[in-house]
Amino acid sequence: TRGRTASGVQTINMQLSWLAGGNQLGEVVAKQLGYFEEAGIDLAIQPGGPNIDGVAVVASGRYEFGQVSSSTQVILASSQGIPVTSFAIGAQKHPYAYFSLPKNPVRKASDMIGKRIGVEVSGQNLLAAVLAKNSITEDQIQKVIIGSDLTPLASGQVDAIAGWETSTTALRVLGPDFITMRLWDNGVQLYALPYYATHDALQSKQELLASFVRAAGKGWAYAHDNPEKAVDLLIKEYPNLVKEDEMLTAPIMLGFAFTDKTKFNGWGSFDPKVWQSQIDMFDTLGQLPAGKPSLDSVETTSILDATKNDRPKIG
Amino acid sequence: MTIQIAAFENPRSNSDTEASAIDLRKVSVRFTTDRGTVTALENIDLSVPIGGFLTLLGPSGCGKSTLLRVIADLIAPTSGNATVLGGSPSLARARRDIGFVFQDAALLPWRTALQNVALPLEVGGISRPGRRSPAELLALVGLSGWENAYPHELSGGMRQRVAIARALVNDPRLLLMDEPFGALDEITRDRLNEELLDVWASTGTTILFVTHSIYEAAFLAERVLLLAANPGRIKEIVPVSLPSPRRIALRETTEFTKLAGRLRAILETC
Amino acid sequence: MTIQIAAFENPRSNSDTEASAIDLRKVSVRFTTDRGTVTALENIDLSVPIGGFLTLLGPSGCGKSTLLRVIADLIAPTSGNATVLGGSPSLARARRDIGFVFQDAALLPWRTALQNVALPLEVGGISRPGRRSPAELLALVGLSGWENAYPHELSGGMRQRVAIARALVNDPRLLLMDEPFGALDEITRDRLNEELLDVWASTGTTILFVTHSIYEAAFLAERVLLLAANPGRIKEIVPVSLPSPRRIALRETTEFTKLAGRLRAILETC
Amino acid sequence: MSAMPVHALAVNKGFANDTEAQARFNAARRYLAWRKRLLPLAAGIALLIIWEAGVRFFDIKSFIAPAPSAVAVVFVEKFSILMANLWPTAVEAFCGFAIGNIAAVLLSTAFVYQRTAEEAFFPIAVMVHTIPVMAYAPILVLLLGNGMEAKVAIAAMICFFPTLVNMTRGLKNVNPQQLELMRILSASPREVFQKLRFKNSLPYLFSALKIAASTSVIGAIVGEWIGADRGIGALIIQATYNYNSPLLYATIVVGAALSGTFFATISWIEQRTLSWNVDETA
Amino acid sequence: MSAMPVHALAVNKGFANDTEAQARFNAARRYLAWRKRLLPLAAGIALLIIWEAGVRFFDIKSFIAPAPSAVAVVFVEKFSILMANLWPTAVEAFCGFAIGNIAAVLLSTAFVYQRTAEEAFFPIAVMVHTIPVMAYAPILVLLLGNGMEAKVAIAAMICFFPTLVNMTRGLKNVNPQQLELMRILSASPREVFQKLRFKNSLPYLFSALKIAASTSVIGAIVGEWIGADRGIGALIIQATYNYNSPLLYATIVVGAALSGTFFATISWIEQRTLSWNVDETA
């Protein structure tokens, strides 16, 4: 990692767990509009992909901080003793959901009974959580392990399939009127897109991370007000993206980034109690074999507190 | 025995009326590479009667092997026409009428001596009565006891002898031999010369035999074909009117010495 | 020229005091495979003086090639001791004192004739003055015009001649030749016999020469070594007291015929 | 036409029995065989020691690379789970290995006898080989369902190509003289194949099979990533997802041991089959 | 010791000029060369037509497998984006190809001269080859960062193994007679390598390089899956994730064309290099 440059601007690397895209709309806007520069930061977004989620890279200190797709990952990593802690989140509700088709709808958890539910290997614990929260046993449904695509639903191999609501283009396969059953609405309340850093970084680079949160929040606020211009900036940074697709995704993503919670607490905020309930839930389900992590090790509000007044309060 | 023979459609019987085993008309062979053209044979006219024994003599590189390869349908002549046992060379080959002893033994390294000799029987496999077994043939060439040796465990001459046994194993009507005894000591060679004449006499096989030994050429043949080089062409065909059956002692006769001297004289001008 | 020679540490000068070029003491070679043991050579005692010319005669498979391979350090004797040019065979080999003509040409297929002949010069490359160039040697063996041909474009005899040229190119002190002229017609062979004697006379090379031709053995050698088979052992060493320099016409003399007859008689008992 | 009297030349006697020499020969062979078995073991142990020392000395975090000792602990603890997940992958890898290699041998045979086919389809085979699994995974799942068949198909497709290339070369790269011999014998294309080309291609084939020893396992693992709840691949995803590095490494060790076993088996068969090949046994 | 007078035997004359035969020879060669170029093209077009017809006839959904015509439209529309993403992958694949193959050739050389090394490490190389990229991705990023170096390293690692296997075989499987010749000439190990073993291994090496033509591209693609904004691999993920099947296929076509180009280049070099090899040119 590079240090402070001559102009006093310090490089900071954000490691993603996936390719950069609409999930980083605010960061890209802030970058393009010079918000980071104003804050003395030169942000480098380091993409991830199917072969890496970046937690180990951040935990080892190679990059300053990172973002994963789900709060679960931070909990699981903490549970395994990896020293990463979330200091902000990108989506207040997890866009994870089960999709089905009108001819065979799954609108709420109880509808799952007797159905074939397609999930990825890594989606099994979430399915277990939903079932547990709704007092359904695993043998009441038929779990089908699938790869990372929605074809099995379209081709009738499963009745419902797990995925992200923000995958607008992927969902097009299902036609216009598919049915969405949100994880959040069925008792499993997870955060998505948490930002995390090591314990060390949270102490030694607190000011830097705070500056990042301030500037990123500003970017997200701009995106909220000017979605089309924001998408244009996104496309400018990542020419591989398709504008029409991103225009569809942006409102949905913004809808998860800004909710009634952010109206009061500001962008990026979270509720430690929600984190605690997540930890408890996974522990009860026996999904933390390496031990239940303490709340402290999973999240810290230090950055949120430090930036309390500088984060946009929209909702 | 007679009944058994009658039971087979003897593949030879229908060709007894043929005039000649080999008939070459103006056969030329040219090899072209990107570095130029080599004329290996030019306008060869040759006729060998059925049951004939022709030996080929000529300087190294004059086209002897090439001539045998044309007859065996291994290469097609660039121009001219070849007739073998009444049909095209490829027909004769397809009827399994041709036995070939290559200039280098060409044994299959993953087969023992015995398996190498047996190869022609496994391939094609027209069963002919009264044929000698691979083991008998190995004994004939002095290799009993070596049945299970692999080619790399044999000496150069021993490999060559395995190749000879292989060519004899399916009793071909036409035997093309490219310096078969070149790697053998004179004693073994003399004995095998006599053996070959016995085989020829008893089976009526037509034999074309390339050799570098003037004595061998004269001793074995009914006629000796002398080839000249550059391009390969027929210099002379010398008929050999020595008595039959021939035994090695024949070589001591003045008649034989005179013939050999004549062949040498021609060869020196090739 | 003299200055140039002086400029080099002549690699031969320090060995002029050696008694013999080759000294074998009770050399035996046995090959063991999982199918049994073959005794190729048994208790060979042999001494060849520097500048000597020894030819080897013996039935096929008696161990001639094996003997040459022991001397050339290609195989180690199972028992006994071999001294070559005053040291171990491997030392002689390392000093590049040995030239070897294999029974089969062993050319590298990706090299042209000329490149094959030049190989020994590229490898090791002790420069000795007055050496003939690869092209000259190709001409010597009658292959000028074929410099750029690849081995597969040459006839069997032509390949063999390339191998001979290769063995001569770095002017070795000890020349081991395993049936080098076996694939050549008699005319070419006779001329190369004379050439070889010239080379030998002018360079003082020690030569061991395997042949199946009794005439060749007698014509070339100072002494003829007769090997018997099963196991390979020395039958007799026949000194040749023919006048030098020898020309082909010598073969017509009664003295020569008598010698050849004697060799043949011994060979028949091997 | 009748059998000839056989005047044998009793020049050579063939192989004799020499018990002492034979004993030495067998001892040398046994030594080589043991050496071949023990050396990789020794090297493996040495590597593990270096790795363990490295992890301790540089204080490498377990989530980057766990120490072998940590992996060993997990290995023992989770042995039954690991074994339960080994079987499906082993079966998939083995079937994929068999199908992929047989298909490659058949296609290369076709290539050798149909030059046109080779010229037309070889470049296409190269390009098809570049297509990532995820692109054709949906089609496969559609055609073969989500069971073992799809994984076998992927393993087969991944190990197919190297064998095709090597085998085509091996079948074609025949000594011209031996080919002429077969021509003289008027051997049918089938006989030329069985008795010459195939034998000749064996060194190439065994090289290909050695490559396939690991590619078939990789194929089965990748195949499981398109959806499986059991198998090495599924366990790898699971362990990665749970940040359970020691388990991840233990799983990989099992996978590697699987391809190592494949490799050893192939080497063993090779040694028996190519015993005539002097260069190889030398 | 002085130069001998040369009594040349003027028996053979060598190559002559025969313009007519030469012209025929060259024409035949040109025909073969064109055939070699046009046949895969024809086969490719035929495949595309069958595919298009299949998609239309069975009414296959575009997200399962889009029709070539749809892919072609995307290909034209997105040409500039596709090309922009081709370059990084091409560079990674090429560098990985070079590094991986050179490393394999070097290691196989070591194996041939150090039999112990081979026996000890060959089985280990097989096992290492089975380790999935995701297991060592963090270490790579830690060591090399998230730039091209890491992707090159992955491409190199993936194409390393087949070359190692083939090259080891090719270097070892030398004609014993030719080896004896080099021994007589007292050639140094280096000379034996350069003038014999390496030449002899060329058919094996070219087979390996042909395999590497596609594995290096696969390696670069898989390498991009550890994090890249640009490149065929990144675009594949993007297109898959967005269910943009026509774009996915167009991207794959670009990747396949890349390995096809590699393959063609290698074949071309092979033909020049192995021109002495009768069996191959026959």
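List of remarks:
Think of it as A, B, C, D and E in the order they're written, each chain with its own count starting at 1.
Definition applied: a residue touches a chain if its C-beta (ideal position, glycine included) is under 8 Å from a C-beta of that chain, and two chains touch if they have at least 3 such contacts.
Keep in mind that what you see is a predicted model, and the values were worked out from it rather than measured.
Common neighbours of subunit A and subunit E, by the contact definition above: D.
Note on connectivity: the fewest chain-to-chain touch steps from subunit B to subunit D number 1.
For subunit C, the chain whose average C-alpha position is most distant is A. Chain pair with the most C-beta contact pairs: D-E.
When every chain is reduced to the mean of its CA atoms, the largest separation from subunit B belongs to A. The centroid of the Cα atoms in subunit D and the matching centroid in subunit E are 20 Å apart. In this assembly, the C-alpha centroid of subunit A lies 42 Å from the C-alpha centroid of subunit D. Rounded to whole angstrom, the centroid-to-centroid distance between subunit B and subunit C, based on C-alpha atoms, equals 30 Å. Counting partner chains per residue, subunit A shows two or more touched chains at residues 56, 60, 148-149, 151, 155. Among all residues of subunit D, those that touch two or more other chains are 11-15, 63-64, 134, 138, 142, 175-176, 240, 277-278. Counting partners per residue, subunit C has 33, 35, 38, 59-61, 104, 142, 148-149, 152, 158, 188 as the residues that reach two or more other chains.
Here the touching chains pair up as A-D, A-E, B-C, B-D, B-E, C-D, C-E, D-E. Interface residues of subunit A, counted against subunit D in their complex, comprise 53, 55-56, 59-60, 73, 76-77, 79-82, 120-122, 124, 143-149, 151-152, 155, 157, 290. If you check the complex, the residues on subunit E that touch subunit C are 1-4, 6-15, 175, 177-178, 180-188, 191, 195-196, 199, 276-278. Residue ranges of subunit B in contact with subunit D, taken from their complex: 69, 72-74, 93-96, 98-100, 102, 104, 106, 108-111, 119-120, 122-124, 128-132, 136, 139-150, 152, 158, 171, 188, 191-192, 195, 198-199, 202-204.
Within the complex formed with subunit D, the residues of subunit C that make contact are 30, 32-39, 59-61, 152, 229-230. Across the complex, subunit E is touched by residues 15-16, 19-21, 46-52, 54, 56-57, 60, 62, 148-151, 154-155, 167, 169-170, 172-173, 238-242, 245 of subunit A.
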